Amino acid sequence: QSPEDILAAAKAEGEVLVYTSSPDAEMEAKIAAFEASFPEIRVTHIRLPSGQLFTRFISEHDAGVTQADLLAAHSSALFQERPELFVPLTPENLPVLGEQQIIVTPENASYQIFSNDIQLVTYNTDTVSQDDLDAHLASWEDLADPRWKNKVALVDPRNSANQVSFLLNMERLYGDEWFTGFMANEPEIVGTASSASQQVAAGAFDILVPTIPSQSAAVREQGAPIGMYSPEGLSHVTSAGFAVPEGAAHKNAALVFANWLLSPEAQVIQCEFSGVPNIGIEDAACAKLLPEEFTPARDVIPAEDAERVFGLVGLQP
Amino acid sequence: MVIAAAPAKSPRIEITNLVKRYRREGGASITPVNDISLEVAGDELVVLLGPSGCGKTTLLRCVAGLERPDEGEIVIDGKVVFSAKRGIYLPAEQRELSMVFQSYALWPHMTVAQNVAYPLQSRRAPAGDIGARVSKVLAMVGVAGLEQQYPSQISGGQQQRVALARALVSGSSVVLFDEPLSNVDAQVRAQLRFELQSMQRSLGFSGLYVTHDQTEAMELGHRVAVLDAGVVAALDTPRNVYNRPPSDYVARFVGVANIWPGAIAATGPEGAMVEGAFGRIAVAPEGLANVEAANGRSVGVVTRPENLRLSHAASEQAEHSSLPARVVTQMFSGAHTEVVVELGGGVLATVWVQDQSRLEAFPAGAEAFVTIAHRQVVLVPGTAP
Amino acid sequence: MVIAAAPAKSPRIEITNLVKRYRREGGASITPVNDISLEVAGDELVVLLGPSGCGKTTLLRCVAGLERPDEGEIVIDGKVVFSAKRGIYLPAEQRELSMVFQSYALWPHMTVAQNVAYPLQSRRAPAGDIGARVSKVLAMVGVAGLEQQYPSQISGGQQQRVALARALVSGSSVVLFDEPLSNVDAQVRAQLRFELQSMQRSLGFSGLYVTHDQTEAMELGHRVAVLDAGVVAALDTPRNVYNRPPSDYVARFVGVANIWPGAIAATGPEGAMVEGAFGRIAVAPEGLANVEAANGRSVGVVTRPENLRLSHAASEQAEHSSLPARVVTQMFSGAHTEVVVELGGGVLATVWVQDQSRLEAFPAGAEAFVTIAHRQVVLVPGTAP
Amino acid sequence: MTALVARLRPFTLLTLLCAALIAVLLFYPLGRMVHSLAFGGTGGGFSDALGVLTQPWLAPVLFNTFVIVGSSTVLALAIGAVMAWGNVRTNASIGMLGTLLPIIPLLIPNVALAIGWVFLGAPRVGFLNGLLALLPFGLELNIYSWGGLIFVYTINAVPYVYLIVSAALRNLDPALEEAARINGAAPLRILRTVSLPAIRPALISAALLVTITSLGVYSIPSVIATTAKIDVLTTRIVFLLNRDFPPKLAEAQALGIIMLLAVLALWWIEVRMTRSGKAATVGGRATSTGVIDLGGWKWPFRLGSLAYLAMTSIVPIGALLIVSLQPFWTPKINWLALNFGNYHQALFVNRLVSGSLGNSLFLSGTGAVIAMVIAIVVAIFSINRFGLLSSLVDGAIKSSAAIPNMILAVAFLSAFAGAPFFLSGTTTILLMAFVVMYLPPGAIAASATVNQIGRDLREASSIAGAGEGRTVRKVIVPLAIPGFLSGMAIVFVHMMGDLSAAALLSGPNNPVVGFAILSVWEAGTFGVLAALSVMLCIINIGVIGLIFGVGRLFGRR
């Protein structure tokens, strides 16, 4: 099947249903651009948190239906655990793989990464000065600095593997002792990063870790006193990937849309909504690129590891 | 052309060996209907008399189909509506009878008129008729004008009459009355008794009628059933039950009775002579029907207070017995004055005196004679001393 | 040392010019208590008689403090508990009286014993006493043994007696009874009347007592108040109200009365002679108390059925009047048989015959004389013809 | 045979139909899920489920849940019952205000209620703390605490109690209270010894309702309990389902079964209580319609309940309103900067208008009606029959509340998404799930009122020749309408605020409001969430007002 065949078939199919965990606004912007280029293909989407997205997909799969033509999630756990459910992605069916330089590569061929995020510190620009940051948060290790006692919030790692991965990396870099110092700062545990960033804006705490820019994009846009800051020592990168289910009704259209998602046009839109592109690209909109050295977040984490770090931050597993 | 319905040959209601038990709080069990058999003929009204708690309401509820009896059989209009053996149990709404509830059971969310119209509507009477029939029956029970009131806005007696109207409006052939007039005044009660009788004559219905009012029982009942703890203690015409009670229980329960313990001293063709602490008393033969007339047999002597006469001298007439007595107290109660006297051996007797002018002659403490005709004395079996 | 309390000098209950209005559904207004004034002395029981819906319950509720009257004043034990003018309104819980509700109002979630113990508990009787007092009063009303039952598990009459027990247990000095015995049988009723009287003698309480039972009214009431649509139509001792009713309304309401329209034909020191369609009847002077004894004045002639005698010949005695009559019907009602006769001009009269043996002589259609002594005739004001 | 046919009266048929519906909607999906867990796929579902019991976190989680749900239930019962009594049975009533105000917390989506209280009571930055800081005592509220959590659970629960208890009190024969007054009981004693005990079954129903809703609440603990480091069952279940792939369904279900046991125990008590006949019913001897005069207590009582109502409805709504007008949440209110930006955002950017509002109203309206019809039919059926069938159906529709909604949604997907139904993403599957998930509160409310109708009133109707259907239409429903409407209101509001069913079941073309809430909560701002909540609250008030308004037409007694 040549790319032309796929495109022709896609136009015949005429539509794609995407299960995505991206914010609505971002998704709508992408769809608008895509439909402008491919007026024959209509894209609809359902937005869900990654966990529920997978649950929904897998339950439907078990019931014998495949609604989604494309999954686009901020976790690759499903793709890693059940690669057999997805169409292997190759330069043949996804030409962009051959055309562009893919920065973060997937664990297997069942999916591709289309967006990355570097985990940062969210801070309140009213109560934390640049000097504070320089003096007390030069490196991630400084989260244990007494400057942040009662001022730091940690996103509940029990909600997502990305957070666990972050803590595991902190453990790897700084050892158990670092946690003793960090816990002495009595970090507040907060439910979700996006709600906690607003509490940062309100002044409930000074800094919040680990966060990615999209989680506070909306409040920052409203002019809230919030900044993002990247300490030294760990570039922990979380990724979003897509995959095309084997049984998808509009497989070709899905492939066309997936292919487009990795195109420079789509990646620029991606940048506008925060997120770091996964192809080599030079564009004013995409000022932020991945550093030379970074640590990809793990989406599949053994239970023992997870339980160990929960214990380190004083949580029941 | 109207063809007159053939008169019902079988009884309207046939109750056979009915038993109903309840479980009391605490585990004990109680049998308010204990093997009762009773037949009610077409257009007959049987009055149920009995002390409070003896099972009258329970019996009615069994007949109505509101309670599932434990044993026995009930046949209404030839149709078996309940049979323990054959496992038949027809629910209340299919038995086509009416009932006046002791608790009224008026629907609080319906006006008086709506309450009364309900049975007609659910039995699908032509809609045009309903209004007129409701007004008619409400007028009959004397609450015309209250049509638009809700039950909480009318008095207790008015509510009770609405409940009665609701039971009568549909003209069922079987009507169960559970103390339907207990909360209305004597005058209205008399009036309603009259209406019930004339309704029965014109429409015809059979029924069981529970009441605690003697007059009601005597006047309305074609027959009276006296219940004693779930068992029928007497079942006969009012007159027979009153005049010839089979037991002291029945005598005491129907009307007011003096019952003196004694023993038969002599028997003969003109009756018997009974002796007791109170003295000697002659009994006519018809008074012996319910006892074994053998000498020495202990009996209860039943006299009615309205048949006793107070006098200063003993009666000379042969059929009269005169017993010496002392007046204990007088109690005015309208139509008569109740005089309680003490006979020999401390036996008390109640005498009703109608002529108030004679009362002055018998103040408390006065000596007197109590006189009774031998035809007005009835014997009931006595308990062993 | 115990100092005997001084006997209450003022009346226990003083009701002055009380008015209570209700608004009917539809907008009409009704005045069930219309300017009533009434005093109840210490340890006096006043019986309220009146047709259903005349305002008895409403009056009781006003006294109890459950209803706020529109006008007037109520004083209990010298304390003003309600005064429209002075804006005083003491709520029920502060009036320290007891009441038997017409609807019983037993608490469904409490056992019989708990229901009866409640007044003691809320009046803080010593806990040790409560059990004994509850048992005692339950035994008195004849429902001992039902202590642990819930109200839904006992019969209607039993419930009513529990309600009575609850009102009596705390020994309040004022007790309001709203048809407390309507659902119990005659025998128990007589028994309870007796208990009430002896309780009143030993403990002493004043009260208002609503009943539809003549005997109850006559025996229990120190005085009887007959209500007519919110107004007191008569207030006197039972004997006076019965013997000398001030109006035909009262005569008709207390006991059974024959009331014949007539006009005074002649008056003299021995009384008066009244003429009407029924014939001529002599009235003794005491029968004239409630009418203006002037010739030609139209009056109602009141006679009681128990005072009329049926005979085949007219009486010869001077004080007797004999009226020719024809028997219409006989109705057996226990202690007496009711004979309805037609006098002259189609006027009906009810005669009670006690001696059943005499009834055969007066079958329906028979000609007879109705005889009455002039002392047993009372005149009431007649309506203009 | 004829006997059997005779017994299958129309109403019984209707009930069997409802039972069948429940069986299809509840037992079929759950059965399938359990089956596939145990035998399908990875297998070993049962041993996984058992594994939960040995987890070290289980005991503390159960303890926390017990303490929070238990104490908030007790508090809510006390507050709700006393307020209902004051408003329905005494002269301290505050009229319409008293009917609507207490249920306001019910009308605010749970997320928003929790966040509203974070706005108010967060340490340092809560609005109330800002006010308290002006006082000299150095008081500070901390919503992230046991007290705060129980407080929010309580005010969330009070409306349920209020609705059920006030419906029951409206039917209470005033003579019972009058008898207590005559016997010298002061108002509070009447409340304690007569009014409340006489409606004990309604109180138990309210407790059951509150317990199952509180057990199932996720938004409140997820907003408050995480920071307070208090784990409860629902947050734990969400961890199990969402953190890893594959979701730990078996374990989550095991927790669900623990909840189920608690609910079944309460349900059993409810059934026993209501059948004993030891509680007040609407009787056939009508008495007065009087209310209790509280005398000197009238004004203190009024002020107290007004204060409570202000505290629990006006204050949090005020906080939501302020935040909805702020560009972003800040305790320093800049009155000049307030604007409607968030409303614009909520309405036009977050798809609230693009059909989801209409969809939600339609689904919740239809769903509430269907659920209430089933609830009412089952409730009426089980007052007359004490058979196994009625118990089974009654128990099933009430205890299904114990199954976490997420799990139910998954079960629905596996049962109905594919062959032979192919309902995936349709409005039908969503409606079915709504009915099953939110039927229990309706069922509890329905049986609470139906049980209050005196037996003699039903019997009188049968005697009058009315079949079961007629008795239901003419006697039971008119008398029970206040309770039915309360149940309907509760069900409707639940459906409007649903987050879990929608997430898994709705398709791209039938979004519901829950979607909007979810996505704003996930990635939006508090301001938009507040705006959304304020609007939802207004819509809910409108609908509830309508429901009660219609009820008033029928409710004439």
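Should a chain be cited, it is by its letter among A, B, C and D, assigned in written order, with residues numbered from 1 in that chain.
Just so it is clear, contacts are C-beta pairs under 8 Å (C-beta built on N, C-alpha and C of every residue); 3 or more make two chains touch, one makes a residue touch a chain.
Going by UniProt, the chains are B, C = ABC transporter ATP-binding protein; D = ABC transporter permease.
Keep in mind the model is a prediction, meaning the values are calculated, not measured.
With B-D and A-D as the two chain pairs, more C-beta contacts join A-D. Computed from the mean C-alpha positions, the centre of chain B lies at a distance of 55 Å from the centre of chain D (ABC transporter permease).
With centres set at the average Cα position, the gap from chain A to chain D (ABC transporter permease) is 36 Å.
Computed centre separation for the pair chain B/chain C is 23 angstrom, with centres defined by C-alpha atoms. Chain A and chain C have Cα centroids lying 91 Å from one another.
Looking at chain D (ABC transporter permease), one finds that residues 283, 285, 287-288 touch two or more other chains. Within chain C, residues 103, 150, 153 each touch two or more of the remaining chains. Chain contacts: chain A has no residue touching two or more partner chains.
Pairwise, the chains that make contact are A-D, B-C, B-D, C-D. By the touch criterion stated above, chain B contacts chain D (ABC transporter permease) in their complex at residues 64-66, 87-88, 90-94, 96-99, 101, 103-110, 118-119, 122-123, 150-154, 156, 159, 163, 166, 170. Taken together, the chain D (ABC transporter permease) residues at the contact with chain A in this complex read 36, 40-41, 55-57, 60-61, 115, 118, 122-125, 144, 222-223, 226-227, 229, 231, 239, 241-247, 327-331, 341, 349-351, 406, 410, 413-419, 422, 424-425, 503-504, 506-509, 515, 518-519, 521-528. Interface of chain D (ABC transporter permease) with chain B (complex): residues 3, 6, 282-289, 454, 456-457, 459-468, 470-471, 474-475, 478-479, 556-557.
Interface residues of chain B, counted against chain C in their complex, comprise 22, 24-26, 49-53, 57, 102-103, 111, 148-150, 153-158, 160-161, 178-179, 182-190, 212-215, 217-219, 238-239, 242-243, 252-256, 304-307, 331-336, 338, 352, 354-357, 375.
Remark: chain A residues 17, 23-25, 44-49, 51-52, 54-56, 58-60, 62-65, 67, 75, 77-78, 81, 156, 158-161, 188-192, 194-195, 198-199, 201-204, 214-215, 218-219, 222-224, 300-301, 314-317 touch chain D (ABC transporter permease) in the complex.
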